[in-house]
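Each of the next two complexes has subunit A plus one more chain, namely subunit B in the first and subunit C in the second.
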Partner chain A sequence: MLIEIAHFLSILSTGLFFICFIFSFFLNSKDIFIINLVSRIYSHSFFIFLSSFFVYVWLAISDNFSVLYIAQHSNINLPVFYKISSIWSAHEGSMFLWIIFLTTWGAVYNLFTSNDQLLKARTLGVISITSVGFLLFLLLTSNPFETILPVPPENGADINPVLQDPLLAIHPPMLYMGYVGFVIAFGQAIAFLFEGKPEIKWEKQVRSWSLASWSFLTLGIALGSWWAYYELGWGGYWFWDPVENVALMPWLTATAFVHSLSASSKSSILRIWTLLLSILVFSLSLFGAFIVRSGIIDSVHSFANDPERGLYLLAFIGLLVMVSLLLFSFRFNLLLSNKKIASLSKESFISLNNIFFGTLIFSTMLGVLYPLIYEFIYNQKISVGAPFYNAIFVPITLIACIFLYFSIDSKWQQSLNIKSLFQPLLISLTFSATIVILAFFQFSITNLWTLASLLIGSIIIMRYMIVIYFYFVYRKFTNIFSVIAHCGLGLLIISIALNDNLSSERALNIKINETEIYKDHQITLKNLRMVPGPNFDSVKADFLIENPNGKTFTLTPEKRKYFARGQVTTETAIHASFLKDIYLTIGDQLDDGSWIVNIQFNIFIRWIWFSAMMMVVAGLLLAHSLSRSRP
Partner chain B sequence: MKANRKQRLITVLLILATSATGSFLIIRALDSNLDFFFTPSEIFKEEIPNNKRIKVGGMVLEGSVLRDKTNISFVITDYQGSINVEFDGIVPDLFKEGSGVVVVGYLRDKTLVAEDVLAKHDENYMPPSIDIKN
Partner chain C sequence: MTIFIRFIIISTALMFFTFFYLYINDDKYYPGADFTTSNMPDFEIKDLYSKRVFSVKDLDGSYLINVWASWCITCRIEHSFLAKLESNNIPIIGLNYKDEKDDAINWITKFGDPYKYIIHDYKGELALDLGVTGAPETFLLNDGKIIVHYRGEVNDMIWNDVFKPIIMKENIFNAN
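Let's turn to the complex of A and B:
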């Protein structure tokens, strides 16, 4: 009975969202009565949909295996936490969650935006019709409410063990929250274009929303990368897998978008760019959903393949993008600004930044789609590997950072005073040159790209230190959020460069009480234990590691065998210190009783996520401060 | 007016030239970094240079896995052709005889020297373009 109620509530809310859309676009949306009406229908519809989700969560907690999806992805033996997160462990449920977040953003927007705002009703209309599109997709092609009747199975099939991890329970929600958060900016942009009144300042209103979604997206990607690092046992943080790339594209676009938003919310310059980017961010988020869920691209992350789903999503996204672009071209003349961008002004740097981001987005898109095109033309399967992305991303990011460096002191609509650049340049260049020389002689880093990255990463950080100094000593105005985020960028570049250059790994073959030596570290296998877990059996191997300074510590990597599917997973053991991670995984046991062990020294890897966190914090704080300063 | 037009023309030409050079560089980078995907039966029909990184997908042949310390060798097959693989390192957890793998590596004397051995997260995964006849 509960299943049918949840199903019915979802259908009901789909209808209500559609009514909301109709009212907002076909009635006079300036009438306060209509705005109130639309706002109210939206909240009701949202609550109905939300209750449907909560009922579904309850079904999962209470092990209701008459629901096909729950029977396929949950299990009686799972802890409650994973029973809930099993909902988003596969296609149908994660789509459900995706729409929940989509409508939640709308609901929060609805709550915090006063009803006398011109664009409010239409923005809600855009959010509603997008939700309707996805709800129909959910209900028609991937229904999570499908039942197994009359006899439900006694136990479910369990979720994939590698997904039974606290971090993976929160990584998809964060990521989805980021993806769909841009619906606010998209909705406002469409509403603005539909209205066609250039005097409406929609950019100001969406800044904090966009920054918040950008932060969630950054957080989601960083969490995913961290999870992959410690759970999959490969020891890397980014693999240029197609599915990672489709998350990177909206992120790059969103980053360009929040930058050009800050310019166009000050003056009408760059307005066209901002509008285009707002459409692009949201479309790329949807495009990501299409790539992941259609199975069109072969990836380790992709969901089960179903051409029908792909076709629906493609048609829906295509329609959305076409309508948006049509509207855009129709209003193009209204948006033209006769103001010229002053050379070396902040706007000019942001335009340059847009071009760099555009190149990166284009290259990533090409890398994702090229295998498809190639197979279609030559009937030969190919894949585009990391070297391609490195060849593009490394130089472009570094060049962009040089421009970032010079943009730090630039002002809105004013040329930069070139003379004022010299003193800070001298100081920061001395600092970063010292670091490079140190890296070259002390750590014998000879790779030119690594040295260049060190130089540019550290020069940015040092430059911002000077900014902070001026802030405290001369009370010079500083956007502290920008300082934090860009220092994060500098740190990210340094960390990636050092990690890439200095990390190393080796496979060892070791018996109990034997000692192997790797890079002056003594590694001894002390003991093997069989330990039962809640829904798995595990073998734990105790290793004693002695570093060159004579300090010892134990690491206990693990191999688990899960009951439900008989799947074997490896749990890594990591010893984290300030500069490096010692990362241990165990492989198979050989016939002579020895074990294969993989040891990695991952240099500076924690700092990669730390710098991502700096960006997240900066984004959230700025979003918060902007939302408070709004009238 | 005329000067204005001329300036515009120059701007447009400049933009075109930069984007053309940019695209050219990107596509060149792309072309030199492609990994070709083969099945075991296709692999010896083609001329593949030693220095070309390739991917081979298929099933691990039952009884073909041999281990020596950290080295592992096995045969991957698509039931029409097969190729011997050598790898030094840890194979993924989902690696087992009779199930699907993708190997990335270089061809040396009819043997694939693996850089990486991949198995999917999903245990129901089949490498593309293989029909299992059983």
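Let's turn to the complex of A and C:
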């Protein structure tokens, strides 16, 4: 009964969302009555849909295995937390969650936006039609409410053990929040284009929404990278997996978008760029959904799939994107302005930034598409891997950062005062050159790219330190959140470069009570024990590690065997310290009784996520402060 | 100028979507099974540790052949399921596909070895003859003949839906 209720509520809300769309675009929506009506229908429809989801969560918690999806992905022995997260461990449920977030953004927007009612109603209309498209996709091609009747199985099939991890339970929700959050910027852009009145300042209103979504997207990607690091047992944090790239493209576009947005919300410059980017961000988010859910690309992230789903998504996304691009291409000339961008002004740097990001987005798209096109024409599989992306990303990011450095002092609509650059340049260059020289002689880092990254990363951080000094001592106006985010970027560049250059690993054969030495660390295998877990058995190996300073600590990597699926997974043990991680995994036992152990020293790896967190926090705080200062 | 930009935007987007339309309408890009019986192609390839050379004569029995590579992330996910198959005494032969030897050995030492032996198909010759399009893929051999070719990750669900029925029917691996 509950299942049918939840199913019915979802269908009902689909209808209501559709009515909302019709009212907002096809009725005389200048009428204040209709505008209010749209807002109300939207809220009601959202609450109906949300209750459907809550009922579904309850079904999962209460082990209702008459629901096919729950029977396939959950299990009685799972802790409640994973029973809930099993909902988004596969295609149907995660699509459900995706739409929940999509409509939630709309509902929050509906609640907190009070100015420009017409624009708001139209934006809600765009959000509604997008939701309808995805809801129909959910209900028609991947129904999570499908049942096994009359006799449900006694127990479910469990979620994939690799996915039974607290971090992985929150990685997809955060990522989805980021992806779909751009629906507000997209909706407003479409509403703006539909209205075709250049005097409407839609950019200002979407800044905080977009920054918040950008922060969620960054957080989602960072969490995924962290999970891959400790769960997959490779010790890497980014694999240039096609689906990672599909998440990277919206992120790059979104980054360009929020920068462009800050320019066009202050003056009416770069408005065409901003408009196009807002459409692109959301289109690329949808494209990501298409790639992952159509099964075109084999990846950890792809779901079991069938071509029908791919076709539906392609048709819907294609329609949405084509309509928006048509609207854009017939209306963008309204925004053409005769205003010239002053050279070396902040706007000029932001347009340069757009070009750099455009190049990166294009290259990533090429890396994703090229194997597909090649396969289509020559019928052979090829893969585009890390070397391609590194060759493009490293130089372009570094060059872009040099421009970032000079843009720090630039002002809106004014040329940069060249003379004022020298003093800070001297200070920051001395500082970063010292670091590079230190790295070269003290730590014998000779790789040119690493040294260049060190130089550029530290020069940016130092330059911002000077900005902070002026902010506190002379009360010089500064956007402190932007400072934090960009310091995060500097730190990110330094950490990636050092991690790449200094990390090392080795595989050892070791018996119980034997000691091996790797890089002045003594590694002793003390003990092996069998430990039962909640839904698995595991073998734990206790290692005693003594570092060169004589400090000792234990690390306990393990191998797990899960009951329900019989799968074997390796759990890494990591000793994290300020500068480096010691990372242990155990492999197989050899015939002579010794165990294969892999040890890695991952230098600076924590700092990569820390710098991403700096960006996330800065983005959220800026979004918050903008939303408060809004009239 | 405006018309030119309009044309560029619309035509790029159209080409983009048309390509994907053509692409997803072609079955061969999808994970899926192929049940036509065919002979194992001839080959002579060294094993991963360069200890001996394998040829088609060594496959005169019933096996699973699993195509994998250290660069393939899905293989990493699939790997734990292969360990389960191995513990059920199902003989699996690894076909290491377009992979550096050191990377492959490293991978096996790290994550365990569910394979009876591993053929190191560095150039992808055997894989080409087998019609492999990527990794992971899995073949089921009965008396030296290929009876199932599965593209994509094999897991519990796929095993039960695709492989189990035919294994029962042909009574391979002392089916139980």
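Points worth noting:
Assume the second predicted complex is superposed on the first by the 629 of 631 C-alpha atoms of A that agree within 3 Å, B and C clash if a C-alpha of one lies under 4 Å from a C-alpha of the other, contacts with A are read in each partner's own complex, and residues count from 1 in each chain.
By definition in this document, contacts are C-beta pairs under 8 Å (C-beta built on N, C-alpha and C of every residue); 3 or more make two chains touch, one makes a residue touch a chain.
Because the structure is predicted, anything quoted here is derived from the model rather than measured.
Because the two structures share subunit A, they can be overlaid on it, and in that overlay subunit B clashes with subunit C. Looking at the shared chain after the overlay, A:370 reaches subunit B, while subunit C stays out of its contact range. Applying the stated contact rule after C-alpha superposition, one finds that A:534 touches neither subunit B nor subunit C.
By the touch criterion stated above, A:392 is placed in contact with subunit B alone, subunit C being left untouched. In the superposition on chain A, A:569 makes contact with both subunit B and subunit C. Contacts of A:598 after superposition: both subunit B and subunit C are touched. Contact with both subunit B and subunit C is seen for A:507 once the two complexes are overlaid on the shared chain.
Of the two partners, subunit B and subunit C, it is C that touches more residues of subunit A. In the superposed model, A:153 makes contact with neither subunit B nor subunit C.
When the two complexes are overlaid on their common chain A, residue A:587 makes contact with subunit B and with subunit C alike.
Of the residues of subunit A, those at positions 160, 162, 233, 298, 300, 381, 383, 385, 507, 565, 567-570, 585, 587-588, 596, 598 touch subunit B in one of the two structures and subunit C in the other. Subunit B contributes residues 22, 26-27, 29-30, 33-38, 53, 55, 67, 69-70, 88-94, 118, 120-123, 128-129 to its touches with subunit A in the complex.
Subunit A contributes residues 160, 162, 233, 298, 300-301, 359, 362-363, 366-367, 370, 374, 380-385, 387-388, 391-392, 507-509, 559, 565, 567-570, 585, 587-588, 590-591, 594, 596, 598 to its touches with subunit B in the complex.
For subunit C in complex with subunit A, the touching residues are 2, 5-6, 9-10, 13-14, 17, 19-27, 29-31, 71-74, 76-77, 80-81, 83-84, 87, 106, 109-113, 133-136, 152-153, 155-157. Of all residues in subunit A, only 72, 157, 160-162, 232-234, 239, 241, 290, 294-296, 298-300, 302, 304-307, 310-311, 314, 318, 321-322, 325-326, 328-330, 332-333, 372-373, 375-376, 381, 383, 385, 507, 565-570, 585, 587-588, 596, 598 touch subunit C in the complex they form.
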